[in-house]
Structures are given as C-alpha cells and as structure tokens.
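Take this structure, written in structure tokens, and hold onto it; I'll ask about it next.
Chain naming follows the written order as A, B, C, D and E, and within any one chain the residues start at number 1.
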Amino acid sequence: MNNEFLTDWGLTLMVFLPAAGALVMLLIPKADEQAHKWVSMVAVFASAGVGVAVLADFDYGRTADLQFVVDKPWIDVINARYFVGIDGLSVPLVALTLLITPLCIIYSWNHFPEPRNPKAFLILLLVLQTGLLGTFVAQDLILFFVFFEVVLLPMYFLIGVWGAEQRQYAAIKFFLFTLFGSALMIISFLALYFVGGETFVIPELARNISEPAAAGIEAVPLATQVLIFGGMFMGFGIKVPIFPFHTWLPDAHTQAPTVGSVILAAIMLKLGTYGFIRVALPILPEAAVEWAPYIGALAVIGIIYGALACLAQTDMKRLIAFSSVSHMGFIMLGIATLTDFGLNAAVMGMVAHGLITGMLFFLAGSVKDRYHTLEIRRLGGILVKAPRMGWILGFTAMASLGLPGLAGFWGEFPAILSAYDPGAGLSTVTFRVYMVIAALGTVFAAGYLLWLYQRTSFGVPTEEFEDDDIPDVQVPEWIAWVPMLVLILAIGIYPNLVFRVTDDQLTSVAQMLTAAVGG
Amino acid sequence: MVAQNIFFYVIAAGMVGAAVAVVTTRNVVRAALYLIAVFAGVAAQFILLAAEFVAVTQVLIYIGAIMVLMLFGIMLTRARIGRDVDMTNDHWWVGVGTALLLAAVMAYSLIDRWGDDALPVDRQVNSVGGSNTATVSDSIFSQYLIPFEIVSVLLLAALVGAIVIARKDR
Amino acid sequence: MLRNAWIIPVIPALSFFLILLFGKRLPRKGSELGLAAVGAAFVLALVTQVQWFQHVNDAEHESEPTEEHAAQVVTVSGVSDGEISAPETPEQQGEESEEHASIEPVTREWTWFEFGETEAEVGTLIDGPAVMMLIVVTLVSLLVHVYSTDYVAGDRRYTHFFAFLSLFTASMLGLVMSRSTLQLMVCWELVGVCSFVLIGHWWEEKANSDAALKAFITNRVGDVGMIVGVIVLFFAAGQSFDILDINTQALSGDISHTALLVASCALIAAVMSKSGQFILHTWLPDAMAGPTPVSALIHAATMVVAGIYMVSRLYGVFWEGLSIGVSSINLLALVGGVTVLGGAGLAFVQNDIKRVLAYSTVSQLGYMVMALGIGAWTAALFHLFTHAFFKACLFLGSGSVSHAVHSFDMREMGGLRKWMPHTYRTFLIATAALIGIFPFAGFWSKDEILAGASQLGGAGNYRVFTVVGIIGAFMTAAYMTRCVYLTFFGEFRGHGHPHESGPRIVVPLWILAVLGVVAGLVNLPSALAPDSVELRFEHYYEPVGAYFPSIVPEFAHPEFSWGIAIVSTLIGLIGIGIGIGWYTGRIALRGISERNALARAGYTTLVNKYYFDHLYTDVIAAGTKGPVARGVNWFNQNVIDGVVNGAGRLATASGRWVYTHVDQQVVDGAVNGSAAAAQTGGQVFRQLTSGKVQQYGALLFGAAALFAGAFIVLI
Amino acid sequence: MDDLMLNQFLLLAAILFSIGVYGVIARKNTVMVLMSIELILNAVNINLLTFGAANRDVAGAVFALFVIAVAAAEVGVGLAMVLIIYRNRQSVDLDEVDSMRG
Amino acid sequence: MLATLAQADDGFVRPVIDWHALAPELVMTAVLCIVLVADLFLPEDRKAVLPSLAGLGLLAALIPVLTLAVDGADRTMFGGAYVVDNFALVVKALFLVAGYVTVLQSTNYIAEGDYAEGEYYFLLLSSILGMTVMGSARDLVTIFVALELLSVPAYLLAGWRKRDPKGNEAGAKYYLMGVFATGVLLYGMSLLYGVAGSTKLSDIGAALAGAESLPAITLAIVFCVAGFGFKVSAVPFHTWAPDTYEGAPTPITAFLSVSSKAAGFVALLQLVIIGFAERTDVVRPMMWVLAALSMTIGNVVALRQTNVVRMLAYSGISQAGFMLAPLAVVGQVGDDTLTSIVTYLVIYAAMNLGAFTVVMAVARKTGSAEVSSFGGLFDYAPSLAVLMSIFLFSLAGIPPLAGWLAKFVAFRAVIDADTGWAYALAVVMAVNSVIALAYYANIAKEMWMNPAPDGDKTPVRVPVSLTAALAITAVFTLVFGVTQWATELGDMANFVANIRP
C-alpha cells in the first residue's frame, strides 16, 4: 500500500484496461487480424499486470478489510457510487479472472471458431473481462449490478455467433434466464436501498441493517428481509445455477465456443456464488438463516441431480456442463451452512471449479477441434492417438471428481464437512442429511467422470478415426493449460494458498451471521 | 321558467330523435340533414344557457362550414344519394352495448353529483355589459391568449395539410 | 530420522515427477529412478526402525522416575513442532506407568491451512505401527520394483508403470505416517488412484478399464463412509483432525459414545471397500486385471491393508465406539468373520490363479478385520505383517508362472514343478505360511488371532469367531492345496515350453519366501521363547500411551494356547489332506471308471479309499466346494456383484430417466412452456388489434366506460 | 320543475354522446363516422356551457369555442383522409380498411 | 358603441407577456412560417434547403430554452395557465432535440420519396410547436389546444404516403382513434371543469382535494387518463399504434413513438401530479392496471411480430407501461414519479430514435422492415449491426447501455412506495423486462447469427443526415448509461413550486 498511484488507480485501471483495448480495436480495420490479436493481448496483459501489482501490494495481513478503496460519487440522483475495493473474498476471484482470460486469448491464437472474425471475438472477450473484473471489485450494489449485467451481452454473442448448431436457442435461453434473475435481483437491491438507509454501498447497508438504531432507520422486519433475500436468491441462484434454474447451463455450455465455455464455467458461474457471499449474506444475515435450509436442499438436489443427468449424457461437453451443476451444488451447500468452513469451502470451490472445469472445457474444445465431434461413443482411445492430451484429461477428471491432493477436493470436502455443523439457527439434523447426500454425490462424480474417461480415452480408437492423424497437444494449448494444471496441483497440495487469503474475511462474515442470529 | 323547460324538452326530444336518425338512417345525405337538425338544437340549447355568442358560432361554423364540408365529402366520395343497402356494419351490437354502458355510467355519475342542482336564474356572467359576448372576448384575449394563437397555427396547419393530402398530384 | 521421516515419502514422490518428466529419456526408461528412490526409502525406513527401537528402549529407561516424565509431557505438549505426546491427564499417566512405560510417538507437523480458528496440519506421526508399515511397504515395494524390471520389460508404458509405482509408494508411506485424519484421507484416496491407474494399466482392453473403474468407484462408496467418519470425529473432538487428539479424547470419554459409534460404523464402510470386506469386496478380484506386480504390491501387501491400518490407527475410536473390550460381537468382527468364510469359499471355484489368491487375500484381510474387531490389535497387525510377505510371494510366484505359460488359467498349467523349481519351492513355502503350518509365519499370526477370539472380549468372549477362524483355516488349506496341485502337479496342460524365470524375478521370490518363514518369529509367544525374544513385535510396535486402548483395563493380550495351536494346525493339515485326496482321488476314480474290470479286481484294496473318498468327496468336499462354495459363488457373482454392477446400471438408468423425463420435460419443459405460453398469449392478444378501426374505437370507449364503472363501484 | 336543472342539459349531453359513440362504432360509411364524432363533440360543448352557466363563468364558453374551432380543423383533415382513401380504394367502407392487423 | 367599448375596456385586463419565456415558441412559429413561405419560392432542385432550415430552426429554438435554463427563474403567466419552469424547459429541450433528430431522419426519406417537402416540415414543426406548448400548459384549454396542435399535423403526416393504401390506412386509423380519444378526453375535461369551476390545473387540484370521492370525479379522471392513454399508447388504448407505425413514413413513426408519446406523458404528468394529486385513490389503481396491461400485452404481442417496425410499436407500448408504472405510486414517493418518468423519456427518446434510424438505414438497402431482412447485417454492415444491437439491448435494459438506467429509475420509484401493490407491479415489470429481451434479442440474433437473405452482401450506404442521427442517438445511449446526466435532467424537471398542491 505504498504506491499511491496504485492505491488510487490500480483497480480502476485493471478493470477498464481491457475495455480500453476494445475501444482501440474498434478503430482498427477488421482485416488486420494480427493487430487485433496483439492489441487484445496487450490489453489483457496490461490489465493482468496492474492486477498482479495490486495483488502483490495487497496487505494479506488484514484480508478482512477492504483495500485499494476508491469511493467517488457516480449517479448522484440515485445515490449510486463508484465504490471499488478488494478484500480476501475478491482476491482469489480477481486473480482467477486475470489468469483465465489471457489464457483464453492465447488458446484462440491460431484457431478462432467459425465464423472467425477475430476482431469481434476479441472485442467481446475484452468487454467480458471488464465486466467480470468489475463485478469482483464493485462494492456498491448498483455498480455491482451494472458489471454483473455487462457480461451478458458479450457472452450472448459469443455463444450465439461462434457456437455450435443449436447456438441461437442456447444463447437466448442463457440471456433470458439470467435477465430474469437480475430483474428480480434489482428489485431486491432497491428494496434494500429504501429499507437500509438509502445507500447502495454494501458495507454500509450491512451495518445499517444490523444496527438500525445507530443508522437512524427503522429495524427491518424479518418478513421483509426474507422477501428481499428471495429476489437476490433468484438473481444469484440462476447465475450459479441452482436446481431447478439450471437448464440454461447445459445448453449454453454445449453450444458455446470453447473459450466461451471456459469463461462461462471458470468465472461467470462464480458471479452468482460470489454474489451470495458478497451481497446477500452480509446484508441480510437473518434472512439468510431462514433461507439456508432451502438453499441447502436445492444444493444437494443439484448435486445428485446434476450427477444423474451426467450419467445420461452422450455428449462430452454436455456432460461436463451437467457436472458443473453438480459441483456448484457443493459450493452452494457450503454457502448454505453459513459457517466459516462452508464459506471458505465455497470460495475454494469456486476457484477450483473455475480451474478444473475451465480446463475440462478447454480439453473438450481441443477434442472437438481434432475429432469434429464430441459424441462420447464415437470417441475412444484418445490415449492412443494423443497420449498427452489423454493424460491431461485424466488428470483433470481426477481433479474434478474431488481427488485429494488436487484442487477439487478442497472445495468439496470442507463443504461436506461444514454441513455437519451448520451455523447458528440452522437445523443440525437437516444439514447432516444434506451432508450424507452430498457425500454420496462424490460417488456419482467418480462414476460419471471415470465413465467419461473410460469411453473417450481408454480402449482403442473407433474405426472412424483409426487412421486419422490426431495431433497431440500443441504449443498454444500448452501455454494455456500448463498454468491451470500447475495451479490445480499447487492448490491441491497447499490449499492454504486460497484459504489464507479468504479466511479472515469469510470468518468475519460468518461471525456476522452468528451475531445476527444470536443477537 | 316553465316555458324554458317546455322549450328545453321539446328541443331536446327533437335533438335526440334527430341524433338517433343520424346514426340509423340508411341514407347518407339524410343523415347529414338530421345532423343539421341536431346542431340547430344544440344552438338553441346554448341560447337557453345564455351563450348567444357560442350559439351563433355554432350555427355559423357547424351548419355553415362543417356540414357543407360534410356534404362535399359525401359528394366527392360518390356515396349514393338514395338509400344504401347496408350502412351499419356487422358489429353494430358492440356499438349498442358500448353506448348503453357509457350512458349508464355517465347518467349514474351525473345524477349522483348534480341530481338536485338548479341552474342560476341569471346566467349572465357579466350582468353589467348585458351580454356574455364581451366577457368571452376579453377572456380569450387575456387569459386564453396562448390557446387562441395556437389554434390559429392549428387551423393553418390543418388547412395546409388537408390540401396536400387531398390534392390529386404528388 | 524419526523426526525427519517425512523424507521417506518425499523421495518416491519426487521420483514420480522425475520419471514422468524425464523417464523416457533415461537409458532404462525411468525404472532406475524408481528403484533408487524406493531403495533409498527402504534404507531410511530401516534407519527409522533402528532409531525407533532405540526410542522405545530409551523410553523404558526414562520411565523410571514417573513424575519427571509427566512433567515433561505437560511442558512439550503445546509445542507444535517437536516431539510431543497426546495430552494425557496426569492421573491416567500415573496409573498406567506402573505397568508400562508410555512410549511417546514422534510427531512433527506443519500448518496445512486454516479455517477460522481451526488449523489443519500435515505432518508425520511415527510410532510402532507406522514404523512397522514403513518397513513392509518399502520392502515389498522394493522387491516388486526389482521384479517388475523383468516382468513388465518391453511394455509400451514401462515408464508410466514405474512412475505410478513410485507415486503409490509415496502415497502409501504418506498414509502410514499420517498425522491427521485429513492427511490419512488424502493419502487414502491417492493410493486408490494409483490402484486405479495401475489396474487399468492395459486400458486398451475394456475389461481392464472396467475393472479399474469398478475398483475406483467401489472405493468411492466406501469413501463416503470415510468422509462422514472423519467429519463426525472432527467435530466430536472439538474441531480437530489430529489422530492422537481424537484417540485420546475417545478413550478419555470426552466424546460421546453415539458419535464414536456413528463414526466407527461410517469408517467400517471405508474399511469394507478399501480392504475388500464383504460386501464391497467385488472389485478386488476384478483388480487382478492389473499387472501381477501391482497385484502383489497393492492388492495384497499394502494398499488393501490400509483399511486395517486405519482402524488400528483410530483404534481408540473403534474400541470405545464398538465397545470391543466388553462385547462379544460387533460390526467390525462380524464383517471380518463373514469375509473370512466368504472369501475362502469363493477361492475354491476360481480357475484363474490370481483370482484364487485375490479371494484368499479377501479372506485373510477378513482375519485381520476380525482380529481388530475382537480386540486383538497386535494379532491383527502381526498378521498384516506376515501376510504381506507370503501373499506378495504368492502373487509374484503366480506372475512368474504366468510368465512361463502366458496364462493365469490353472487349467492350462500343471506339473510346473519340474520346469520351475524356484518358483515351485517359494510358492510352496508361502502356501504353507498362508495355511499356517508350524513354524511358518502364518502359523504364529493366525494362531494369535484365534487365541484372541477365544480369550478376549466381554462375557462369552468372541468364541464364535474362533470357530469361524478355524473353519476359515481349514478352507484356506483346502483351496490352496487345490491351487498348488493344479499349478505344479499333474501333467502340463498348457501350450509351449514353460521355463523358469530370470534372477530378477526369482531373487525377490526367495527373499519373500524366507521372510514368509521367519517373519513369524518376531512375535514368539512368551510360552515358547526366552524373554529376550518373546513378543518383540508387541513390545516395539504396540503403542503405549493415552491415545491407545492399552491404557484401559479391558485391553488385554491373548495368551498362547496349545489347544488352539494344535487344533488349527490339525485342521490345516486335514484341509491339505482332503485337498490332495480330492485331486489324486478324483484322478483315481476316473481311472477306476475307465478300467472297470481292474477296479473290481482291486476292490478290496480300494474300498477303504473309496469310502474315504466318498466321505470327503460327497460329504465334506462336495459339501463345501459344491453347494456351499457354488452357492457362495453364485451369490457373489449374481447378488453382490449384481448389486454392485446393478447399482451402477441403476444409477445410469435413473440418470437417463431423470434427464429425459425430469430435466428435459419437466424442468426444461417448464421453461419452454412459459415461452410457449408467452407466445400463445401474444397470439391471443393480437386479436385486439384486429385491423378494424371501429373495433379499436369500441375498445377505447368500452374500456374507458369499464374503467370508470369499475372504479365508481370499487372506490 | 320550475327551474332549469343542471342535469337536464348534462343528461341530454350524455345521451348525445352515447348516440355518437354508437354511430362511431356501428356506421360503415366513413363520412357517417365523422358525423357521429360531431355528435360527441357537441355533447361536450353542451356540458361545457352548462357548467359555465352553472358557475357563471366564462371559461366554459371559451372552451366550447375552442372545441368548435378544433372540430372544424379536424373535420377538414378527416374529410381529406376520406377522400384519399376513396381515391385509392374506390370505397369509403371503414370495414374494409384493415390491411394491417395483428 | 364607444361606451360599450369603454366598458369593455374596464373589464379587460391586459395580459402580462413574458417574451423571454415565450421565445422558444416564437422562434418555432417564425421558423415554420419561413419554411412554408420558402417552400413556395424555392425551385424544385433547391428544396433540399428545407430540412436544413427546419433543423436549424429547431436548434435556434433550443437557444432560448438554454438561456431560460441558465436564468433559472420560474416564469408564470396568465394566472398559472402557462408556466415556464424547469419541467417545461427539460421537456421542451427534449422535444426540440428529438425533433431535430426526426428532421435528420426525414431528410433523405422525404427528398427521395417524392413527397411534398415544404408542407412536411411545416407540419412537423407545427406538431413540435404543439409539444413545446404542452410542456408549459397548466390549464385544460391550453392543454387541449396544444394536444390538438401536436396531433392534427401528426394525423396528416402519418398519412403522408398518400398513394400507398397502407399509408392512408395508417393516417385514417390514427386520425379516427385520435378523434375518439379527443371526445373522451373532452368529456372528462368538461366534467373536471364542472366540478372545479375552473380550467386551471392548480384550481382543479385544490377543488378535487376538498371534494368527496364522487362518481363524477372518478369518471372525469378516468376519461382524461383514457384520452392521454391513447396518446401514450397504453393498453387498451393502444390499438392504433402498430397499424399506424407500420403504414406511416418511418421518420414519422419514430416521431410518433418518441415525441408524441413523450408529449402524452408530459400532459399526463401535469394532469396527474398537479390536478389529480389528491385523487390517488382513482389514479393509482388506474395507472397500475394500465401499466401492467401495457407492459404485458405489448410484450407478448411483440413476440409474435415479424415486422421490425410493428415490433417496435408493440415494444413502445410495453415501454409506455414501464413509464406509467411510477404513476401507479404517485404521491407515495415524492418527486420520484416525476424524476423517473422524465429520465425514462429522455433515455427512451435516444434509444428508440436510434433504433428507428437503423431501421431506416437498412430499409434503404433492403426496402423492407421485416425481421428477416436484417439477416447477416453484421456481415455486410457491422457498424449498423453493432449500433442496432446497442439500441435494442438498451431498450431491453441491459447495462451499461442507457436503457437500464431508465428501467432502474422506474423500478426505484415503484419500490420506494413499499406497498404490496407496488412490489407486485415491480415483479410484473421484472418479468416483462425478460419477455422484452426475447424479441429484442431476436433481431440481434437475425443480424449476427443468420446469413443475409439471398446472400446479398452489398454494403449499406448511409447518408450523412442518418449518420448524424445515429451518432447523436448512439452517443446519448452510451453516455446516459454510465453517467448521471439523464437522471440529473429528470431530477431537475420539477414543477414550479407554487403550483403543486
């Protein structure tokens, strides 16, 4: 926190550099593809560079505090502020975002999906990046909402233009679902604004509602809180997605271009869970306690349901998509327990799922590039044709099924753990039932992932591809994948990489929740 | 006073009858003539309400201008002068329903609000001048100056526009 | 070395990465790295062993002034990085130190991660069982490495094979010296993965990958129990993963009995899958699809005993949770007992030599679990120790055989003793050890279990398990005889010319065979041995401290019992006899039927034999092998395996059903339905705009009137 | 019955208004629809003048004058529309003017 | 005679005319006369000057608006019948700028379409004049006359394509519906006058405040609202809009959907907030129903449209529903109703005009406004496709485009009321904003994801005036979304203090 420039401008630069890159690219003619690639590269790396500087300068000793705070008036009439800052909860997700998008651009370097058009593709990626980063640093509900929504358009176009056969249906489904959630969410935000002392600033709202007397407002009745939470539940829950709002996800994932799937899985789904922890829980702890059993129930249903649906899939990408439903269930279960374990598990789950499922989608994309199909029964023997890719797929599948020693485990296990002893005010019996069901979910996870692996990678190649030349992992792929693989392993071996950052912040959230119920 | 009442009811009955004829007759020209009768009745009622200037205007503009325009319209569209087979469309019952509903709502509201109110015997606004006309003009050129100017632009616009639309060329 | 034991697993772990990255470029394709690493680990394990003996001896000397010791415990218990013992109450300390010196485990830990106030630690916990396992794992692993350099030579994934052997060794060593339940669980899963990879080593064939999947997924089922158990213990012990803590609290009564019972039952599920106990054992025979060295190392000597080791590690929990000390039957013993008999019965009807050995392993693991269930901790670990050697020897022997005849089918073997003398002899020795012939290793360990079953526990002891054990011993003898007979005796029924294997295979066989003979001597009962050599195993490996039930009064060691020893030996011999008789007899009978006239002539001489034959053929052997074994086998293949496979199929089918009917129709249908509803609504409301302006007008006037009317009425 | 009641005029206006509405909806010929509209506007004028008289206020009369002026303008525009429709369709049946719908 | 005159003189109060306050209207009047006269004298090939003249006139009229804004004082004339306050200034500026964009849109359309040019701009300016007057009108008579001045030229302009039967139909339907609505409105106004005894809104407000809740008052309010409901195309008074939009010249469609609708809202705001402020028992439920119906029916019918202009008509109906929503909580939320509706109007004008401009630009090539004709636009005219997407998604309310802020302020006002009905309306709004996205995105889909019909990929040539219109609307659409300017305009737009009860 020495560098004043960094303190004042770091986050803003980080968020808006990609958008600035996109503006520059608008001025470059479409034909000059190299220029587009390099400008986009420079933009994301500049953003990542600033981001890394910020993260390096971040004081890890007090992660519970907001740092790099910039608080300026924005839309005065509605009391919306440009209020950004990062704390222990934001840091891992910001870091994840800063990592994934550059990797996506590198991955796309030589093979843009049809109908190519790198200019538009990269501009959309950059706008997406700004939206994602912005969401993770925004501390004002309106700013948060705007960034939360900014990601919709680029993703809509990425799916709709560069996607597979059913892309139009998938794109609009994705869009409508998410918008439905956000429309209800914004109602809740507004209701919060009016009951919470006419401010949109998240920490202030949390303070005001927990201590109405000090803020000079009326205490918010529990019934109101529960309803307001409901709106946010819809907004964040659809984004997560929680069963039964998940149906957009398989379609979107299956149809999206590789990079789109990766970003969708790795980062965008996290907006929902992040929203729960950032917005919903701290502001409305009492309502969170009321809602938690239901969220937990939907979470475990999602775990089992997603897994069962995986078993029925014939398409590799769709299977991975449904596995996301299942995995996000673990994250939601962690959140629903309202404990520091659960919240830590959730954030770890977000990071892990981001890396692992992102990686799986990368692999699915590469398989598709090579085989021009993702139909599981037509694949087979990847290990024979492209052994390195096969091994990487195996490694990632293992990580995804929650193998200890790899990142996925640290999202799953503590989530299950936390359900044994849920936070104050929650029914222990209910959550222990959830715990057992969730633990059973890990069996299914092993089932569908290994089954997938067996059918795609083991055995000998099908006749169709027997004589085809299937190239093994190539340079851009290596560059894009190695950091993710290394991180999966590193976090798996030393989970404190994440927990150390998140713990203080999330413990304070959990304490707030306990205090709200206790007091 | 009774005379006024008698006058009113006679005229009113005629007006209603003529109005009904306007909307039921199968002959366009005859409808126009019935309409003139209604307009005349309205003018008469205006006099009863001590609004001589408006009554005069009513006669001048409605009967003198508007109805002439209408007749021109009838002529130009070569509507048959005689009886037309069917001047009422298939959905006339919708009209009956709507009209009755409207009438009921209006009548209820009016009776509820003004059921017992009588008109003042002296309905002149400016008793000194003996006529409402001067008051009206004063009012138009002071209080209602802006609408008056605007209406002039409106009439100009309507004139110009109607000519452009109705003109055969272009 | 005791404090730096972490180096031992780290060496093979490093070797894993090195082999993976550079193995293919090395002259011997990476096997030299693996060998070197495991060799180094073995040497270090030996060093650790010696130091541990020293440590135990020191502790005994130091324990004379009790007060001082207790003080020392208190002072060091707060230090996170150093030799500490589990916190003990001085009271217990004093009570117990009259008999035994408390032997402090040597621990070392590092912070792994923190949640709120809870700190999860990773580290090493070196005490008796850990040291013992270090030796077993590194030794068997080393021998298997040596063996493999010949056995899998020329395999296309030679390098990978060694890489994963290294990783397995590392994980298993990590498991052995786990400081916390969490670490235990992590390593537990890692060995599972190595097992998966190595079973599926030849994944080109679907059967192999099927077996690998089955192994992994079945283990996952058990892992649910593991997860639940660990979690229950974590919270029950006041948010601690610390094994010593948990045990100490369990034994001191700080944890409710319910929690312990739940945790025990959950953990038993994990044991059932990992250690191949009924009914989750079915993956283990299938796992024989992997290369034979893998079967020897993972599915006989080490990984499958992880379940037993885990129970022995958390013995305080099981002891209290299942009330082992005062009951006469409990879930753990029951699971073990059923497995003893079930596994042995199944071993009868296998034609694949490795599957015979696999079921034998299942059965022997059942002994160990049973032993733990009845409270004979030392016996269980002792049996684990001896079993590791002779069973590894048997597996490697079967591999050697298959190397010669290119098959595992015993119907294609026979008479191999002529061509493969070394293999034959070592196999025979190991078989004797397995059957429990005096003085081979198995005799001592199995005997201790049987003695324990008859002497330990509450009222009535665990006598029923003595019977189970003896029947099991009989069956073991019978099926192993069959196996040996079919393989090494009679005529060669296969193709080609079998030949003895090379030195890299034979030398490990001999080493293991020798161990199979002498390993039993490390725990000679006091009745049979001088003080200086009696019960050395118990002395050095059984923990003494607040974290182990040795502090509670009910915890006892069985005395050597001549009766049991003789009965079991006899039973074993009868089994062998029947086995020999069965096969020679059947051949004789076949001869009789073929040469009818001669039979009649030799009737008198043969009649005794015939009745004898009849007795065991129809009554005993057929009774066991025929209906019972077949029945068990049928039950196994159709019901248990059917349930296991069926569960998989059911999951897939229900997945498909859920997907097509619920997801696509109900959930997605609701979504698409609402879209359709909106569209239909659009269609309906389009009628408002009919195109006829007079209807528009009617709507305008009508609506105005209706609004007015409605509000007049309503307000 | 001595005095003129306010309601006499108002109800007369209401009846004229309703008749006009019926005509507007039911008449086929566009010119006749225009005529019906005049009934409506006249009804409004009666209202305005009645209230003006009742309040002894001149605004009603002024308002009515504006209405008359505007009505004149509207009729002009309306007849222009009728003419152009007639020219393009050879018919002034409002029923048939429905090429755009939905 | 003289005596009579003298007597009359006594009664006559010379009105005080504030020329500065009237300056915008005077400039407009002057310009429209100039246009009319210039048309007479300009030769056929010089008529291109006319749109420039009209445009400049509108900008010139903007100058006094700005000086008045700088001056800042509220100006009241004719006893409160005509007021130039901040509200009036904001909406006047809106009408003038939107009018300018309409002129830009019309330039090529009218010049190339062989329509009467001088009269077109004359009528357009007249209509805009009517709107600017409406902004200041606080008296029933003035409101009525202003309404007619803005409507009558619009009827004519809607039927301007007089050789096309659809054009006639558009004009005729608009005209007839307009006159019907006028009838209803006038009847309502006459009752208001009868109840209050005055035509001034402030007097009416005072009178209604004191009166009991009577059927006659309910009737009057309902009829007045219905009359303007037609103007803002609220369901069930919306029926004319799609037909008229489709048949009218596209610039006029844009004009009707933006300026004319805004004028309707201006009148409604004045009536409701000044006149009916105390009669919220009628106004709120009425507005609630109108808002909910407009949003829902407008949206679901829009889903079924295949013609972009018709779709925009229905979308406009739905947007009107959103704008009506804050009126459903009028009186419960302080200034929020006014602020939010004005903000919404300003933003809506920018984005909707923009969308229509793109439709015009595309139609220049394809000659069609069918949704399918937009296929492949991103391929051959990426800028237009991007701009259209910006406008459409802004209309759908996707941040950071301005539309979200418009919807947001509407939500904010509604939720501020904190009643069950308000929340119910908010939920209806939320659901509708989702339905709306479906059809907006449908066009985006066509442009980005489908191939060009017939594979025709010749680029679209966009004339300068359309480019200018696009630039203005796009800049506003983008800038309003991330700055506070639109809301500040809305916030500024308050009625003069002494006129509000």
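Convention: contacts are C-beta pairs under 8 Å (C-beta built on N, C-alpha and C of every residue); 3 or more make two chains touch, one makes a residue touch a chain.
This is a predicted model, so every value here is computed, not measured.
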Graph separation of chain B and chain C (steps between touching chains): 1
Label of the chain whose CA centroid is most distant from the centroid of chain C: B
Comparison of B-E and B-D (more C-beta pairs in contact): B-D
Centroid spacing, where centroids are CA-atom means, of chain A and chain B in whole angstrom: 70
For chain C paired with chain D, centre-to-centre distance based on mean C-alpha positions, whole Å: 97
Intercentroid distance (Cα basis), chain E paired with chain A, Å: 42
CA centroid of chain C to CA centroid of chain E, Å: 79
Overlap residues in chain D, where contacts from two or more other chains coincide: 17, 20-21, 24-27, 30, 33, 50, 52, 54, 57, 59-60, 62, 66, 70, 73-74, 77, 80-82, 84, 94-95, 97-102
Multi-partner residues of chain B (at least 2 other chains): 89, 91, 94-95, 98, 102, 105-106, 108-110, 114, 126, 135, 143-144, 147, 151, 154, 157-158, 161-162, 165
Overlap residues in chain C, where contacts from two or more other chains coincide: 686, 689, 691-695, 697-698, 701, 704, 708, 712
Pairwise chain contacts under the document criterion: A-C, A-E, B-C, B-D, B-E, C-D, C-E, D-E
Contact set on chain B toward chain E in their complex: 105-106, 108-110, 112-114, 126, 128-129, 134-135, 137-138, 141-147, 150-151, 153-154, 156-158, 160-162, 164-165, 170
In the complex with chain D, residue positions of chain B that touch it: 1-2, 4-5, 8-9, 12, 15-16, 19-20, 22-23, 28, 31-32, 35, 38-39, 42, 45-46, 48-51, 53-54, 57-58, 61-62, 65-66, 69-70, 72-74, 76-79, 84, 86-92, 94-96, 98-100, 102-103, 106-107, 110-111, 114-126, 132, 135-136, 139-140, 143-144, 147, 151, 154-155, 157-159, 161-163, 165-166, 168
Of chain E, residues touching chain D in the complex: 140-141, 144-145, 148, 152, 155-156, 159, 162-163, 165-166, 168-173, 175-176, 179-180, 182-183, 186-187, 189-191, 193-194, 197-199, 242-243, 246-247, 301, 304-305, 310
Of all residues in chain A, those that touch chain E in their complex: 30, 74-78, 120, 142, 145-147, 149-150, 152-153, 156-157, 160-161, 167-168, 171-172, 175-176, 179-180, 183-184, 186-187, 190-191, 193-195, 227
In the complex, chain C residues that touch chain A: 111-116, 118, 185-190, 193, 196, 200, 203-206, 209-210, 212-213, 216-217, 220-221, 223-224, 227-228, 231-232, 234-235, 648, 651-652, 654-660, 662-663, 667-668, 670-671
